[in-house]
Amino acid sequence: MNLIAQLPVLPIIIPIVAAPITLLLPKGRVPHLWACLFSWLTFAACIALFAEVSSTGPISYHLGDWAPPIGIEYYIDLANALVLLLVSGIAAVVFPYAYRSVQLEVDERQTPLFYGALLICMTGLLGVTITGDAFNVFVFLEISSLSGYALIAMGARRDRRALTAAFNYLVMGTIGATFFVIGLGLLYQATGTLNMADLADRLIGQDNRMVEAGFAFILVGMGLKLAMFPMHLWLPNAYTYAPSAVTAFMAATATKVAVYVIIRFIFSVFNFDFAFIGAAFTYVLLPLGLAGMFVASFVALFQEDVKRMLAYSSVAQIGYMLLGLSFATVEGLTATLVHIFNHALMKGALFMAVGCVVLRAGSHSIYAFAGLSKRMPVTTWAFLISGLSLIGVPLTVGFISKWYLLQAAFEAGHWYAGFLIVASSLIALAYVGRVAEVMLLREPAEDGKYAMPKEEAPLSMLIPMWVLVAANIYFGVRTDLTGGIAQRAAETLMSMAGGAP
Amino acid sequence: MISAELAIPLALFLPLAGFIAIWLIGEKSPNLREAATLVTGAILFSLAVIVFAAVAGGARPDFELIEVIDGLPIAFQAEPLGAMFAVIASGLWIVNSVYSIGYMRGHGEEHQTRFYMCFAVAISAAMGVAFAANLFTLFIFYEVLTLSTFPLVTHYGDAKARNGGRIYLGVLMATSIGLLLPAIVWTYAITGTTDFVAGGIMAAHSEAVAPIAGVLMGLYAFGIGKAALMPVHPWLPNAMVAPTPVSAFLHAVAVVKAGVFSILKVAVYIFGVDFLHETGAGTPYMWIAGGSILLASAIAMNKDNLKARLAYSTVSQLSYVTLGAMLATQMGVMGGAMQIAAHALGKMTLFMCAGAIYVAHHKSLVSELRGLGRVMPFTFGAFFLGAMSIVGLPPMAGSWPKFFLMLGAADAGQLAIIAVLMISSILNVIYLLSIPVQAFYMKPAEDGAKPQGAENASIQWGNLKEAPILCLAPPMVTAAGAFLLFFFADPLYEFLTPLIGGQ
Amino acid sequence: MDDWLTFILERYNYWIVIMLMMTGLYIVFARGNLVKKIVGLNIFQTSVFIYYITIGKIVDGTAPIYMGGELEAASHHGGKEAGGAGHGAEAAAHDAAAAGEAVHAKIDNSALDHGQELKDALKHAPAPEEGGSLHELPDAGDKIANAMGDHLGKTPPADASGFDVGSAAGGAHDAAGNAAGGVGDGAADALHGAMDAVVYTNPLPHVLILTAIVVGVATTAVGLALAVRIREAYGTIEEDELEAADEIAEFGHAAGERAQAEAGAGA
Amino acid sequence: MEHLILRVTTKLMFAPIILFAFYVQFHGDYGPGGGFQAGVIFAVAFILHAFCFGLDETKKVLPQKALIVMMVIGFLFYAGTGVVTMLLGANFLGYDALVPESTHHAGQHYGILLVEWGVGTAVASTMLTIFYHFAGREPDIDQEDW
């Protein structure tokens, strides 16, 4: 077996083979270690794949040796290699983190299922990213979503609202996925192919209503999946009541992958010759991105629950990504890709910090954070640094995102958007500052519901969390990986779509 | 002898080493901890002097740390203005540290370790601002400075401190992220660089910049919230909840100076004085600065709280620098630059005196100070000299910047500005000089506690009740500095000449 | 008037699909009962299945089963190639042998692969029915190529742009799109005559839908499982009652919570 | 005794249903059918059994633990085939590598059989697991309350 040649399929094969076996493992430590091991193997495969792609260019892998456009193709270029790296990297950090948190938050009998489902969820997300076949996107999307519903519902041990949240997510997610399939059906009817590259070829010149409708269905379907404002209503509850590890993982990856799908469809399947693409940029993505940035940030400001606050903040951050996209320039696309990566780092770290607090205080209400700096200083600082990153303070990844986004806005001539971007980060300043103030300047509760021992979270949680925090700083200073790669990826995507490079 | 190239990175990292040392020593041995602070300060000052000497010799030592985004390195380069700022900040930091020791111990404050740690980070950030070779680097250290001083402002942790801290952080971050960052990115988007270049980078892209130059200048003028141009000044009075050494640090050593320093840098090295003059982009802000000068002085007159009065005085004085930059004449810039130095010494003196009064007698209202001069003659003597410098009376350093600013205003043909400067000086006299005069010559009010000896008609040496020597000596040193600077204004002028294009 | 009627009647499948789709969506949003929501979701998904299947349906088509003689097989597969994969005529003619081989690839492979991942979701897998039946076909590649060439050659060139021929050759499933409908039909007739052999329905949508059905089953199973759990946790599956229960829990809780926390925090 | 007819019929039907499942399973190689359908039909036999004899009786025949094992094995059978082809030097699921010297792609034949077998096993066990879970849930609420 030639490992390099088989590399593109390994990120899928490794976790998907490992996942069912977790079901057979005894409860307790073993499923966790097993899942950890395979998440790291997957990460290693993704790193190798990324190195391969960035040195030799796009890779196409033919499943079952059937050549595209007939066979299913895995197509990896820089854009999805970056997302693959991100998803598997976050997974590699979340899996070790999960153990103690899951012990507390998930029914013990369900732990093998939990790790199995988390592996499958990761597989699904990786699959969505890696595949070059449009229908395959749907299949993988549903794999990740179905396991996601189950994972969210497992939070029911702590709060029964997890069940209703999961149910609502299921309904919305299924509608979204079905819309996506309708869109694919229309495209298939118009072209007779489902391979993305082939679709792109055959769509050239087909500016008819069927293609338009297909695009609209795909956009709305993915919009539901990625919680594009105003289709975000499922997200806050789902993220709030899911087990902490699940929230950290999904917040960092699931919506990002959906954004990636939109990018892939807009730039690699459709192209700028379609009038409706331009219209979608101007009349859909731009206003919705801006509205999401503000409305969601503003709602986040008034949340008593830190997890829910961060969930709304995620909706706002998705607004940034869509905004970057809507400029339809290389800079804008670069900004979106960079922000996809960076936001995953900061939100992952933030939700992990909340998970640590939940472990000790048993609550993610803001009152549980009172005086946290005196009880869990290590966690507090992790939260603060990633919070600063969310605001966009220099030397953190958030700043890099803001910089790219602002630059894109000014260069695209949308200078007003530039000011709206910073205005929205000021709201982020307000809501992060609110938590920071409670953590730093309030006295901890001595008794009552939020009293907790002066005890740090266990190292098994702190180390993964600080790995992400360190990444927040590292990638805030070194942007070769994010900025450089994202720019190259954006240029490729842009030239595919026939836009100005 | 350390080369100037090496001195720059050392100046940045040394305070961080001091930070770690302070952290490790902690409460175990306060003396050792303070020694660490002072040793760091002393070395830092000598490093700054090395750079200063090199710059005086015409060198432009530089250092590049890392390239963050293509074309956007974190890089440093010393030039006259920055070198001057570095020397002032690091020199006053030593004085401030000595004073802090006296104040904090005299007051029995808590969390002293955290206090000194934050100071160390803040001074490092101030060095970064001073030596920044481009706007990007400047912005980074500007934000670090804001964040590292936040724990200092909220030092007491009570409701008042929380509120003050909220305003402090809110205004500074809101202006820097909301206005300064877009301004920098905009500049970068237009010119493709953020480097500080003698003569400015805008002139080469004048076609693109000219229509928006006014807007851009506004973003800088208000975005650099630390310069406290009205109406973005509220953070400054609200930060007065902090212990006095912090106030001194904010007002004299680093924070506000970093603000006006940034404004000067932008005016001189980004816009370029000539370009600014041609486009007239600075004119509206010149008037705002003028208004700010008068308005803040007027408010200061009505403040009975000594620290609040000094705070508004700072708002007013800072606008001198902004005014100098916006005049867009060589003399204006020179006046602004010298004002940084002169005001640092003068205001430092005043704040430390205020703190000393508070430590010795727990008085914080101006009206309570009557007669106190007879008990604290050294403190009020220093206060008097500092106030003279701020007002701009010879033989104190503060007279030179006023002189140059008037020259600059005359050059620019803005006679009204000269009037503003004159009125401001008169107001300064009223609200600043009246304090020592009252303290020395007036009897204390009938009601309220009277320090023993305050009612005496003259100073009786046996009745003196001065603050501890560590609180008393620093203001006297800075007052003396302000006095000396008056006579050494020419070397400073020579040193700063490259700023205005001279050799 | 006639045109209108034809327009509407010819697309009867779309009307059915749209009606089902809207019914399903309406149920999802209008009904408070969680099980009914799932029923609505099912109807909604089913409409999409029907849509997919009808676009693959060919008038007079039969199931794609291996029917004997190699030549015949070749012609099916040739036909299927053009329709199933919907290649443009140029693409098909360009390298018919390769394309012919690719045909089965798409068919059994997509079935397999879509199935593969899905199975993982619920440990199901769809059946790649055609897989086996095609295994000999690559040998017949040359013949396919010839047959393809013939068919394409006989297609009336006048009204056949490359794209139309491609879709029409497949047996004129509606792939020609709204615009190309008439042309496609004509082309299809021409081809029917030309082929004089068994025409069959494009199987690819079926395979896709098999996959989608599995997803649907999985979704329904998860949804119902959640409904059961909700019933156990709340004692109801009516949405408004659930919301009321949560509200009571939250505000009964939250008011005390806040006071307590404030007191505790000494604020 | 009221279920007598049903039970006898079920007993009679059970074997033919299983047989038909196998037919669909293997004929899937040549015509309509295959692992998915076969798995469902296979599961139906047991579901019918559970309807007439009660879930507990069925669980004696096919305990839930066994189903999980079947599920995993079925899946691994499928994925394993793919991995084996990878080890043999082809791409994932490149069946031709199973019998590389064949002139008529016999590898395709074997590969699909193996995969289908795994699929059938997994589907049957999954269907039954779903059924077990729904049917076996303790009815802690009265029927009227639904």
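Things worth noting here:
Should a chain be cited, it is by its letter among A, B, C and D, assigned in written order, with residues numbered from 1 in that chain.
Assume a residue touches a chain if its C-beta (ideal position, glycine included) is under 8 Å from a C-beta of that chain, and two chains touch if they have at least 3 such contacts.
Heads up on the chains, UniProt names are A, B, D = Cation:proton antiporter; C = Na+/H+ antiporter subunit C.
Just so you know, these numbers come straight off a predicted model, no measurement behind them.
Here A-C and A-B were compared by C-beta pairs in contact; the pair with more is A-C.
A comparison of C-alpha centroids places A closest to the centre of the full protein.
The mean-CA centres of subunit A (Cation:proton antiporter) and subunit C (Na+/H+ antiporter subunit C) are about 28 angstrom from one another, to the nearest whole unit. Centroid to centroid, with C-alpha atoms defining each point, subunit A (Cation:proton antiporter) and subunit B (Cation:proton antiporter) lie 44 Å apart. With centres set at the average Cα position, the gap from subunit A (Cation:proton antiporter) to subunit D (Cation:proton antiporter) is 35 Å.
Averaged C-alpha coordinates put the centre of subunit B (Cation:proton antiporter) at 79 Å from the centre of subunit D (Cation:proton antiporter). In subunit C (Na+/H+ antiporter subunit C), 109, 112-113, 120, 122-123 are the positions where the chain touches two or more neighbouring chains simultaneously. Annotation for subunit A (Cation:proton antiporter): residues 16, 20, 63-64 touch two or more other chains.
Within subunit B (Cation:proton antiporter), contacts with two or more other chains are made by no residue at all.
Considering their complex, residues 68-69, 71-72, 75-76, 79, 82-83, 86-96 of subunit D (Cation:proton antiporter) touch subunit A (Cation:proton antiporter).
Across the complex, subunit C (Na+/H+ antiporter subunit C) is touched by residues 12, 16, 19-20, 63-64, 66-67, 69-72, 120, 123-124, 127, 133, 135-136, 138-140, 142-143, 146-147, 149-150, 153, 156, 160-161, 163-164, 166-167, 170-171, 174-175, 177-178, 181-182, 185, 188-194, 202, 206, 208-210, 304, 365, 367, 370-371, 442-451 of subunit A (Cation:proton antiporter).
Chain contact summary for the complex, subunit A (Cation:proton antiporter) toward subunit D (Cation:proton antiporter): residues 1-2, 5-6, 9, 13, 16-17, 20-21, 23-24, 61-65. Note for the complex: subunit C (Na+/H+ antiporter subunit C) touches subunit A (Cation:proton antiporter) at residues 25, 28, 34, 37, 41, 44-45, 48, 51-52, 55, 83-88, 98-99, 102-106, 109-110, 112-114, 117-118, 120-123, 163, 166-167, 170, 174-175, 177-179, 205, 208, 211-212, 215, 218-219, 222-223, 226-227, 229-230, 233-234, 242, 246, 254, 257-258, 260-261, 263-267.
Across the interface of their complex, subunit A (Cation:proton antiporter) is touched by residues 66, 68-70, 72, 74, 139-140, 143-144, 147, 151, 154, 157, 161-162, 165-166, 169-170, 173-174, 177-179, 181-182, 185-186, 188-190 of subunit B (Cation:proton antiporter).
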